[in-house]
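Chain lettering (A, B, C and D) follows the sequence in which the chains are written, and residue indices restart at 1 in each chain.
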């Protein structure tokens, strides 16, 4: 059996060779860009690997957390939109905020009326009514405000704060969404939790696509400011390299912390909860609170990775978030790399991303030649949209990789490290 | 302290005037599942430093009672006190922090972690369990870890399991898993240990080791045990007093020799004595 | 007033609008969700896992029907029904075999290696992506019409305006009704139907009664596959064949299965209709109905042009909230299926 | 030649063996009862016989043919039928459907068998349409036994049929078992109520720690005071 060390070395050298190939074939500018995107995906994968690998939480809503963090990061770091602040917009939004606060307070109060002796059945009814009333009041106040903002200032604009603060707040927002979702879905069986997380990520995407007053919707917001000098100042290779330096340090920082946490009492406790929830509770571990903690921490890291990824693309386009690229691709990285193994996950992310990027030209190349060959042999006419269809082949390959890995290498390329004390 | 009560009813045992020696005090507890009254107005006590046995024929409600004390589910009525404080209905992890440690009939090991880690995870409020400490206060955490590890290695030696300390717990034999689970008791200072059918699926020689370990912990460390068990010989060897439950409540309590001669108990076991109280 | 009696007094135009856009629309989309949910609930009840590729199985079924229509374009004309509908049974059979093949290749090995249930769900996500890839590879990514030519439209005069129902919509409703009846007899009269209910109720007891698991599993996939194909084909006939149906259909279908009670086919049908109606009514523009009452309303309360509970873009929110509401208040669903906790 | 011969059976749930050499034998028209203190391996013996766990040593011969480690689905066709202690009905299916499921492997018309089962358990006749899960404990047990009778077994295995029942139902179930046996069905039953069970048994087996302690006719075992004492151990 190949020892762990040789597996790791093999994977590292394999990835290095692939990277070198890309640099040689497509040049440094493209190579560095690919590495930056891969590093962002590696960060996201780290967030997912601790949720699934450490604590056994099945999160299929990664796209929703990436989108939330990217949105908050855009909101915080995008330059201030003077048109908005001078318009009546802020005042109207203030009113909406007020309605919301009062409404939520009332709904909460209604939900506690059983303390005043209201029978439980009526309590839920009252809460629902007050909740619905709040919802109607808030939306009725929001619609005029939204249309006014869209008319006068196109959208709310940002707060012009530094980008790193944007990423941090984006991560916190994603963590917060993780907390809220954890509260709702923690009692569920894993596959129903998966459906709920899938639902939430679709809702986040729908919200961002339609709240034009906040996100300019399909008109997209750009250019998103970078934490480092942009290509216009330093040229493509250097600016991207500096961006890579930022994301690489983030990876190293999180890697060291998570590696340290794996063998620490915290990591041990999480793994115990994953292995046997009943026994962990009997040994004094508060299972639900700890899972909630992992939902927050995992999604915080996913959020930061997501914010970095979207900022790098300089465009905030809600429609660009796809479950395939932003949830299932990352699942392949984690499963193939090795769930619960931080190094395996990072290398898995790099490896899978490079293959994913390279598969685009490769697929096109293959299908073109295939089509011309078929044409020559038996005059088969390729359909017009052959190119887009060729790209769909990758979706098939991703699905195939998931099923094969689950069947033949469930532990992944670098399996979870068993903590041994010599 | 011995009291004899006629079968089937559950007269409250004389409460020794508030002695601080009672670790577990179950007061008039009942539990209903649908229209089946599994436990019916049952009271029992476990004294500090004792190894108290709980026996009874199937369907007598002893497993239900044991699980309520261990925090698996809350009673329908009545109160359970641990160290004099009311713990009725508290979840399992809460009871652990108050000093109640339970083992399982079928060993519940953490299968993907090594045997040593299975023990190291037991101590409560380890500073390293706080994620901030785990990340940033490495020094303090490492210092504490050395202590925990030393203690765990000691327990492994005591249980003669050192040779499998780095083995995945899932790969251990049935007997080794049972020993490992008992080892958890030595990783903390529990006020009381609940042993759930420790003899189930265990061969004779291993049973001797387990019984010897329990006796040693009780004698040297003064640990209190509350043992639910089918193996009458083990009960006879380990426990005094032994509480007999039948038809959902306590039927009698006393040393095993006397219970074995007690007509009512023999009839309860032999005749099945199953009187199910309809709602 | 020309016509006397109640018809004239009621605001007919608005009422018919409500029937068309509210009730009928809810019934149509509800039927599609019901057909999908029956398959999902049987798989969850008997095979104990949530079948993620169900939306894509519906699309695959529709594609098989499309290909068959291309091969036998005139088949429909003989009977006077749309060709895809006439050839649908064949497409259903192909999809059923397809489903059995997938189970044997992907899920059965994992079942025999008795992996944790969540691993089978992950494998089904892998299968979902493979199906999505293949469908888009062979079928392209644009929406397609199932059949050239216009659809016949039935107009039922009802006071002022007509109640409008296209032929495919009528076929969908009738087909779903037929499935409900067929399912009832299958589950209550036939030997295999009862064996499936037994397996969902108590798998161990079914096994020691001599019921063969493989047989029941194969039937489960036949029902799930064929109904998914029917749902996909009829939806494509009504609207158009969109390759990305998978995600938009997944959430409502799972919500329907859970609302109805996991493992309960009748629950799935009721759940499907419930989700369908809730969706259309939540998005329905109620201000149209309130407009005739305008004269009776006080002046200061001016009627907003658009008054809907949820804007259409947020339609996806509704099945999600139904799902969460059921999971919190009634985890066994209406028909007391297995627990989702 | 006896109907069932279990000789020197060793086995368990994968861990340490629970059975360490159990011998059981039943004649064709007998009621056999297995009793003994908890953890003696009573239910384990029955499960080993019906293929629900692996026999590591020893042999089982039924009706002259070896059936050691046969799968349950196969044994049902050999003429054995098993009623588990818990979860022994299809809760949401009606009483009638439960019985039909019992006859799943039959290809012939089994209506006469339904009447026979309703004959054994009259209260079930008018509750035919009711879901089995909504019946009381005793009636549910009748459905469970009725289901097992639908394959016309030569030997019916019952795992603690009166567990959790009130004395009223307990006596009624024992009477029914006698009636079923008289109709020509061999019975092998594990029981918690040792006294009543042995009272109706042609042959009794008292187990302790996975081995035979006492064997004899039901009457003999009830009369012998040592048997009752063995339930409280200390007899080795």
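FYI, contacts are C-beta pairs under 8 Å (C-beta built on N, C-alpha and C of every residue); 3 or more make two chains touch, one makes a residue touch a chain.
Predicted model, so just to flag it, every value in this text is computed and none were measured.
**Q** For chain B and chain C, what is the smallest step count along a path of chains that touch one another?
**A** Graph distance in the chain contact network comes out at 2.
**Q** Tell me which of A-C and A-B has more C-beta pairs in contact.
**A** A-C
**Q** So what's the Cα centroid distance for chain B and chain D, whole Å?
**A** For chain B versus chain D, the centre distance works out to 33 Å.
**Q** When the C-alpha atoms of chain A and chain B are each averaged to a single point, how far apart are the two points in Å?
**A** Measuring from centre to centre gives 45 Å for this pair.
**Q** In angstrom, rounded to a whole number, how far apart do the mean CA points of chain A and chain D lie?
**A** From the centre of chain A to the centre of chain D is 57 Å.
**Q** Where in chain A do residues touch at least two different other chains?
**A** In chain A, no residue touches two or more other chains.
**Q** Touch graph of the chains shown: is it line, ring, star, complete or other?
**A** Chain contacts: single closed ring, each chain with exactly two partners.
**Q** Could you list each pair of chains that touch, in label order?
**A** A-B, A-C, B-D, C-D
**Q** Can you list the chain D residues touching chain B in their complex?
**A** On the chain D side, the touching residues are 12-18, 37-39, 136-137, 160, 162-167, 170, 191-196, 209, 227-229, 231-234, 236.
**Q** Can you name the residues of chain C that touch chain A in the complex?
**A** 49-50, 106, 109-110, 115, 117-119, 121-123, 125-134, 136-138, 140-142, 247, 250-251, 254, 258, 304, 311, 313-314, 316-317, 319-320, 323-324, 327-329, 340-341
**Q** Mind listing the chain D positions that touch chain C in their complex?
**A** Listed in rising order, the residues of chain D that touch chain C are 50, 52, 72-73, 76-77, 82, 84, 87-93, 97, 100-102, 104-105, 147, 151.
**Q** Could you pull out which chain A residues touch chain C in their complex?
**A** Result: residues 58, 60, 124, 140, 184-185, 187-192, 194-196, 198-200, 202-203, 206-207, 209-210, 323-324, 328, 331, 335, 383, 385, 388-390, 392-403, 406-407, 410 of chain A touch chain C.
**Q** Which stretch or stretches of chain A touch chain B in the complex?
**A** Residue list for chain A touching chain B: 257, 260-261, 264-269, 271-272, 274-276, 278-287, 293, 297, 416, 418-422.
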